[in-house]
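As structure tokens, here come the structures.
The following pair of complexes shares a single chain, chain A, combined with chain B in the former and chain C in the latter.
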Partner chain A sequence: MITVWHYLVVAAVLFGIGLVGFLTRRNMITMFLCAEMMLQGVAINFAAFARYHGNLHGQVFVLFIVAVAACEAGIALALFLMLYRRAKTLDVSSWQELREVGVPPTVDTESLPPVPAEPADPQLSPAGRKPAPTAEETVRV
Partner chain B sequence: MLTPSNIDALQTALGSDLLLFLPELVVAGGVVFLLLCRLVKALDRSHLGGVAVAVLGVALLVAVVGVREAAGSAAVSTPYFAGMLISDPFSAFVRTLLLAAALLTVLLTLLTGIPDRDDSGDFYALLLGGTLGMMLMTAANHLMLVFIAVEMASLPSYALAGFLKGRRQGSEAALKYVVFGAGASGVMLYGISLLAGTFGTGYLPNLASAVAARMGAAGGFDPLLLTGLTLVFVGLGFKLAAVPFHFWCPDVFEGAAAEVAGFLSVASKAAAVALTARLLLTLQAAGSTMGASPASPWLLPGTVGLGVGIAGAVTVTFGNLAAFGQTNLKRLLAYSTIAHAGYMLLGVAVLTPAAASAVLYYLVAYLLMNLGAFAVVALVRNATGAEDLAAYRGLVWRSPVLAVTMALFLFSLLGFPPLAGFAGKFQVFAAVYDAGKGASGAGRPDLGTAFYALFAVGAVNTAISAYYYLRVVRAMILDAPGSTVSSPKSGAVDPVPVSPDLGPANSGPATPYAASVYLTVLAALLVAAGVVWNPITAATDRAAAAFVPAVRVPGPNAGGAAQR
Partner chain C sequence: MTLVAASPNPPAAGQLALAVLLAAVGFFLLLPKPRGRSVAGGTAAVLAAAAVLGAWAHQRFGEPAPDWVGKLLFILFSTGAVGFGTVLVVQRNPARGAIAFAFVILSTCGLFLLLAAPFLMAATIIIYAGAIIVTFLFVLMLSAAGGPSDENDRTREPLLGSLAGFAFVGLILFTLSQTQDSVTPAAAADSADWKRLSPLPAPVLTPEERHTLAEVAGKLDEVGRDSFYGDPAVAGTTRQERMTLLTGIEQALEDVVGKEQGTVRPGSIESRLAGYRSDLQARAVLERAAAVRRLSDVLEKKVEPMVGDRAAGRPAEAQAEVRKLRDEVLLLHGAGDLPARNVGNLGLLLYADHLLAVELAGTLLLVATIGAVAIAHRKGAPR
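What follows is the complex of A and B.
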């Protein structure tokens, strides 16, 4: 038998994952998605309570949460795009110019793991001639 | 509950409801108009500050007329739009205050010219949108409206903080504000879901009586309720910049333009204080009317109120101590803002209508003095390009009007007697002291001692804050003008040397005539409000009377209200 508590636990876990991710991640978009995940946890809460009480108040709440989250995403992603154009990175720690007088900037004590380079896209030859198979392509097939 | 009969009632009441909503409608219409101005070539090419002034002026006029009519009618508080919003003297007062703050900010931007002609439409649309959200915050009567209004006030603020797109620091300020805000709103919403979900309603009066009943049954410590309330106050604490959710405030204020920082510090704070006071005092009114035992009026002040009071005491102490070493004026004023949020929280924490009235008076004084201080910062930035303390050395010789009015604003922030800041602080502290006396007299000596301690913390902090306010005054009046002002940490785009010939003979670029008038009017209002309290205290008392419990409880709680 699934009671309201089961839903509440799922919602709390989702909210907790979002909160932890929000506090620990450094990529702007990941942070923001974690904040959105917190909102989705809340939405489950409201839907579960609406079912429990047998009224639609919670459902209406959820609709408004979705709308507000969309507005927040709009403004935050526009800002992140602007910041990315300027700093060429999504790492929030590159934005620490504003801080207390006399406090040194935070720098990484150990460097971040290297980002694996993405494989190059296969080059298509012009039509009409059979491409010579390269070593990479044989692997893919 | 939306039953057919309720929908019919909603339709029949729509006319009068829309009338109550008129100031908000005017502001909303202004936002739409400002956005549509982009489509008309002639309007797109002109500076739209005048439109914003007109919209806010009309809205302010409508709001003031509404206040007068509400004062004459018998109905003290009218829920409207099916109970989603409430129109009572409290919301009418704060609404007027917010519109005045927005109007003064727009006038300031016209004087300093910070949104240039191309950006003016967007800037004023955002400013008006934020004001609309704050007005809804003060009138919210349902937890859903609380959430929507907080978001409506926050989202335009994020954009305003980063409005100086060319400056790296402006973008950083916006980033920090958005990230903090997104997290805080998520946490607050979780608290709302716990509270509204547990009781099956978000309608504040019903919710308040249910919460009070449950709290009374549990003896004040119901873990679920306290969790929900705490999480809601995390969101409000973020808006208030209360410790420990204050981290965004100094950085955002330093990175944003001084005009925007002034608006955020005054209007956003007023709305958040009003919302906090409404939530807490509605709860308290519900708790003290239904309680049968004599201890029940002190149940909420002893749990939730004390928690808010401790947060306020920590906030005020931290803000004042952190302001000590600041050299950037906007950062210093940001910490001063945090400290003042703490003073207001101290007043809200004792949960008496008398204290709410004092906090409203404090908000009026705070509007004048803080906006004035930020206006001086903006004008000095326009003249020198610098915002750190070095730019203020010997300001009195270069521009006497700026220096004298700034000294008045700072003395008022400090709480010096003939100014409004003193009157506000005095009333808040007196209300906290009265509440302590009342609690001691009603058989809660522990709570009384706690309130006395809050009072002492506030008083000691006022003395501490003298150091950093007077440091600025000393730099302006006693120090010799510095030869250059340049510091790698200053918020200036390009620090330029201050030429000593910015003196009175050449005061055209330093302080334009209109700016002098603006500052003088603000300072004069500050002095007037500090000398003649009565008109404002009468209005704030009427506003706070919205929270006097309908069934008066015999006891010191009601006595405190009657004293005023």
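What follows is the complex of A and C.
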């Protein structure tokens, strides 16, 4: 039998991975998904405690978490749309002028790897000689 | 160092620290960056961290009873959730990240099902399927097509971020193991079966007690019938058999819930729960056992005299009390389990106990809708 401790360990690890993603990634959509993953970790916690204590209050709490996550998703996606309209990018660092006074800006020193050039269209080498048009074809052209 | 010194098992704490370090290094190597990203090294470090952590959890929390199907499903779903979560965090392409997130949700739903929450499973799948599709639309609409970009190929402070996140996880897990030590009774810590004290579901009743209670309920059914009090020649049971039945019930109840005879003699439920658990559920079970104990008097006082002589008592009254006792025994038998009608009971709880919270959640959704419309509304001419 799996004990409540095992579920708590899985929930903590899921929450931590989401936290790392939220702290480090710069794409706003990925950050949003990482936050949702942290919420899932908390939901596992509540469901495990509901099972452990033999009542349904924990499951009710998960339902409220889902409701709050839906609100969060609506607001977050609307914000992404607005921010993208202004900055034409999903990068959160393009909004770093909102940082605290006295904090130095982050500057990207390393350049991105160059885009690999698209392969040129294939060229067929001419084979044989060019046929001379017949009298009929000349008339048609 | 006092933290580690407080741990009864320092090697286990070291194991945990090793897992945290390996995971942080693995995530640092795996997170996208222009130079120095190593998928092979990062994957190896993350897998090693998962193995060390799994060994730690197995050693620390163990498995109390062999249940191969449950264990296999739990390992499958938890590995799926953690693995796809890792893919979501380190994946450069946000569209692939959304697919990984869908698998995280599916694995979580499997865990919900193992935790006896089928309605949560269905609701989560339905709601998050919609959420993931909307996210996909946004990725398709807003992402630059092809080529490396700032938002996908750079990360903020990958080393510090992953160290901070996994140090947090390590502290939570360390606290968990400390907590388990403190809730385990010291007397039982040395014995082999101390891990049986906190498995899921909470062991307010052992399987043997549950079996006994089910049998008693079946026998009480018989005692509650009219034929039990009728003429022995018609009913087909002798008085001796009836007495044996009654004595069997009394004996079984005395073993499980105890007996009230001047002073209360505790049964097996009391003697087991008194030392180990002090939560609401255990208290409710103890109260229920006390109710059964009080009601069980009826057998001795009202039913037994009637076995010899029907006219010695009032059969209708005795029958009603026996039925009440049977209901209480059945309720005690079901204690410690979640109700089988998950959806119905969840709805009852939502609208009976948490009505105000439901209303507030509805208001929150309304405000969020208005806010989303207000934020995304394009004022005036497009820039």
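A few remarks follow.
Convention: the second predicted complex is superposed on the first by the 105 of 141 C-alpha atoms of A that agree within 3 Å, B and C clash if a C-alpha of one lies under 4 Å from a C-alpha of the other, contacts with A are read in each partner's own complex, and residues count from 1 in each chain.
Rule of thumb we're sticking to: contacts are C-beta pairs under 8 Å (C-beta built on N, C-alpha and C of every residue); 3 or more make two chains touch, one makes a residue touch a chain.
The shown structure was predicted, so the numbers you read here are calculated from the model rather than taken from an experiment.
Aligning the two structures on chain A places chain B and chain C next to each other without any clash. In the overlay built on the shared chain, the residue A:L112 is in contact with chain C alone; chain B does not reach it. By the document's definition of touching, of the two partners only chain C reaches A:T89; chain B does not. Using the contact criterion defined above for the overlaid structures, shared-chain residue A:L19 touches chain B and also reaches chain C.
Of the two partner chains placed around the shared chain by superposition, chain C is the only one that A:I2 touches, whereas chain B remains out of contact. Put simply, more of the residues of chain A are touched by C, taking chain B and chain C as the two choices. In the superposed model, A:R99 lies in contact with chain B only, and not with chain C. In the composite built from the two structures, the nearest CA pair linking chain B and chain C is 5 Å apart. Put simply, chain A uses residues 15, 18-19, 23, 28, 32, 48, 52-53, 55-57, 60, 64, 68, 71-72, 75, 79-80, 82, 86, 92 to touch chain B in one complex and chain C in the other. Taken in their complex, chain A has these residues touching chain C: 1-10, 12-21, 23-30, 32-34, 36-37, 40, 43-44, 47-48, 50-57, 59-60, 62-64, 66-68, 70-75, 77-82, 84-86, 89-94, 106, 108, 110-113, 115. Residue ranges of chain A in contact with chain B, taken from their complex: 11, 15, 18-19, 22-23, 28, 31-32, 35, 38-39, 41-42, 45-46, 48-49, 52-53, 55-58, 60-61, 64-65, 68, 71-72, 75-76, 79-80, 82-83, 86, 92, 95-102.
The part of chain C that touches chain A in the complex is made up of residues 27, 31, 33-35, 53, 57, 60-61, 63-65, 67, 70-71, 74, 78, 81-82, 85-86, 88-89, 91, 94, 97-98, 101, 104-105, 108, 111-112, 114-117, 119-120, 123-124, 127-128, 131, 134-135, 138-139, 142-144, 146-158, 161-162, 164-166, 168-169, 172-173, 176, 180, 195, 198-202, 204, 279-281, 335-339, 342, 345-346, 349-350, 353-354, 357, 361, 364-365, 367-369, 371-373, 375-376, 378, 383. Those residues of chain B that touch chain A in the complex are listed here as 1-2, 144, 147-148, 151, 155, 158-159, 162, 165, 168-169, 171-176, 178-179, 182-183, 185-187, 189-190, 192-194, 196-198, 200-202, 250-251, 254-255, 325-328, 489.
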